[in-house]
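These are the structures in question, set out in turn.
Heads up, the next two complexes both have chain A, just with different partners, chain B and then chain C.
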Partner chain A sequence: MEITVLESTPTRVRLLVKDAPLALVNAVRRLILSEVPVMAVDEVIFLENNTAMYDEIIAHRLGLVPLTSERALEKYRSPEECAECTDCEDCFVSLYLDIAAEDQPVIVYSGDLKSTDPDVQPVYDNMPLIYLAPGQRVSLEARARLGRGKEHAKWSAATVAAHKYLPVIKFDFTKASRETVEECIECIEGASREIAKKLREMKKGEYQVLEDVNTSLYHYCSRTACKDVLEIEYRDDSFILTIESTGALPPKRILTEALRILEEKSRSLLEALGASTGGGESS
Partner chain B sequence: MAHYKCGKCGKEFTDEDIKLLPGIRCPYCGYRVIYKIRPSSIRRVKAI
Partner chain C sequence: MEVRILKKEGSLVEFELPGEDHSLPNLIVKLALKRPEVDYAAYNIPHPLVGSPRIVVRVREGEPLDVVRSIVEEIIALSREFREKIEERLKE
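And then the complex of A and B:
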């Protein structure tokens, strides 16, 4: 198995994974969305709320605010230990909000939440939460804990976790007339000017589409303007895996956590199989 | 014990005071529009 990093930013990573089974890549994708734990607000204690928004709406919005979770994975107890208890130690972080609008309306942003733990803060300060008209006040304590995406989507570590087969364009411009080649390139430019430019320079061969483009249009081109000149195929042993984080964890940390969870689940399955078959071989 | 506030005179009163007059009226000024005041107890809400 060979892995190449195509793109790596603080919120997004794209990998080219070669010679890996589809089931493995799909398992990693599913674990990223449903099993990698992150911090999110789970319970809100309202002291005062005379705004136009119901308590439940404000609590729902607070639950969807991404909170930095990298250090929290080590500091706080696992979701399974904390899900049922309300006052367990090392489970909850409190974030306080106490804002009143005097003469002017006020918009309460996620940056106004004051956390008791500097390692667990809203990732983005400028998410609007509540609109206060003059004279309205909201005072609450939000309690956040670690959780998994399978329990509620607010605990999902990634906004995007997607894989696709590696697209490869096979083309030969040397065998076609100039007019046909120009029409074909014009069609390709509809999807990506950069790729069209590279194909024009190459004239012939195979081009792996590693750029973040939708290659559906190339099917249309291969049947119309690029007929007998260009075709697109998808390698079923190579994948482009895209992971976009909510900001709670860096994308690379999300990936390593997903792989650790996969290893843990595989090991416990082997142990259970070994136990059920009377201590058979396990690898 | 729920607390209410008159829409006209702004005075606050409880369930017991409402029963003084027939119908839903402010016991002080008789205005028929009254607002329920949010209880002062804290409220725990799940963020779902």
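And then the complex of A and C:
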């Protein structure tokens, strides 16, 4: 197994994964979306709300606000322990909101939420939540806990988790006529000028598309302007795994957490399998 | 994790993983199919809301549950290798 980092920013990574089974990459992708725990508002107690918005809509919006969760993973109890609790210790973080609009309208932003734990804060403070007309007031306590994406999408650690086969362009410009090559390159430019330029320089060979471009146009080109000159293939032993975080956890942590969960699940399955046979015939 | 063995007849084993989704069963089955000693492997989730995945593995030789155990061990090794590579290559 070989991993190359193609892109890495605080909220997004793209990895080239070589010589790993597709099912493994797919399991990781699925676990990222459904199992990696993050913090999100789950209960809201309204003290006052005379805005145009129903309590439920505001509660739903609060749930969708990403909260920083990296430290919370160690500090707070697991989703399984907290899901049925209303008043358990080490489960909930309270975020308070109390804003009134006097004679000017006010827009309430995610940054207005006052958290009781500095490790659990809204990731972005500029997400508009509620519009308050003059004279309106909203006062509430929102309680956040750890949860998993399989319970509700607000607990998904990633907004994007996707993999695809590595696209490879096979081409030979040396045998074709000049017009065909020019036409073909023009077609290729439609998706990326950079790639078209590189192909022109290489003249013939194979080009691995590691750039983040949509390769479906190349199919069209290979059938039209680039007929018999260029082909696109997909390597089925190399994958490009893209992960975009909500900001609650860094992408690296999301990945390592997903893999740790996979390992733990497998370990517990192995243990259960050992127990279920009792060292011989089925029980 | 709970495992319910539904059937175990000679070279065939069928078991259920209550509460799981596609992630693990798909991985087990796909890795099983790569092995020469595995004759047949498949899984099915009877109903997406209430069903639990049922995995069937039939082997050409040996004890089917031993093969399943060895596949799960392979998954542990793979996920650890993947995680170590990520930790090494990806900076914060």
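Following the convention adopted for this analysis, the second predicted complex is superposed on the first by the 278 of 283 C-alpha atoms of A that agree within 3 Å, B and C clash if a C-alpha of one lies under 4 Å from a C-alpha of the other, contacts with A are read in each partner's own complex, and residues count from 1 in each chain.
The definition used in the following text is that a contact is a pair of C-beta atoms (placed from the backbone, for glycine too) under 8 Å apart; a residue touches a chain by one contact, two chains touch by 3 or more.
Keep in mind that what you see is a predicted model, and the values were worked out from it rather than measured.
Within the superposed three-chain model, A:13 lies in touch with chain C and out of touch with chain B [touch as defined at top]. In the superposition on chain A, A:41 contacts chain B only, with no contact to chain C.
Counting the residues of chain A that each partner touches, chain B and chain C differ, and the larger count belongs to C.
In the superposition on chain A, contact is made by A:265 with chain C only, not with chain B. In the superposition on chain A, contact of A:142 is made with chain B only, not with chain C.
In the overlay built on the shared chain, the residue A:250 is in contact with chain C alone; chain B does not reach it. By the document's definition of touching, of the two partners only chain C reaches A:1; chain B does not. Contact with chain C, but none with chain B, is seen for A:22 once the two complexes are overlaid on the shared chain.
Considering their complex, residues 1-5, 8, 15, 17, 21-24, 26-27, 29-31, 34, 65, 68-69, 72-73, 75-76, 78-83, 85-87, 89-92 of chain C touch chain A.
Residues 40-50, 55-56, 59-60, 62-63, 142, 152, 154 of chain A are the ones touching chain B in the complex. Every residue of chain A that touches chain C in the complex is listed here, in rising order: 1-5, 8, 13, 15, 20-24, 26-28, 30-31, 34-35, 150, 250-252, 255-256, 259-260, 262-263, 265-274, 276-277, 281-283. Residues 38, 42-48 of chain B touch chain A in their complex.
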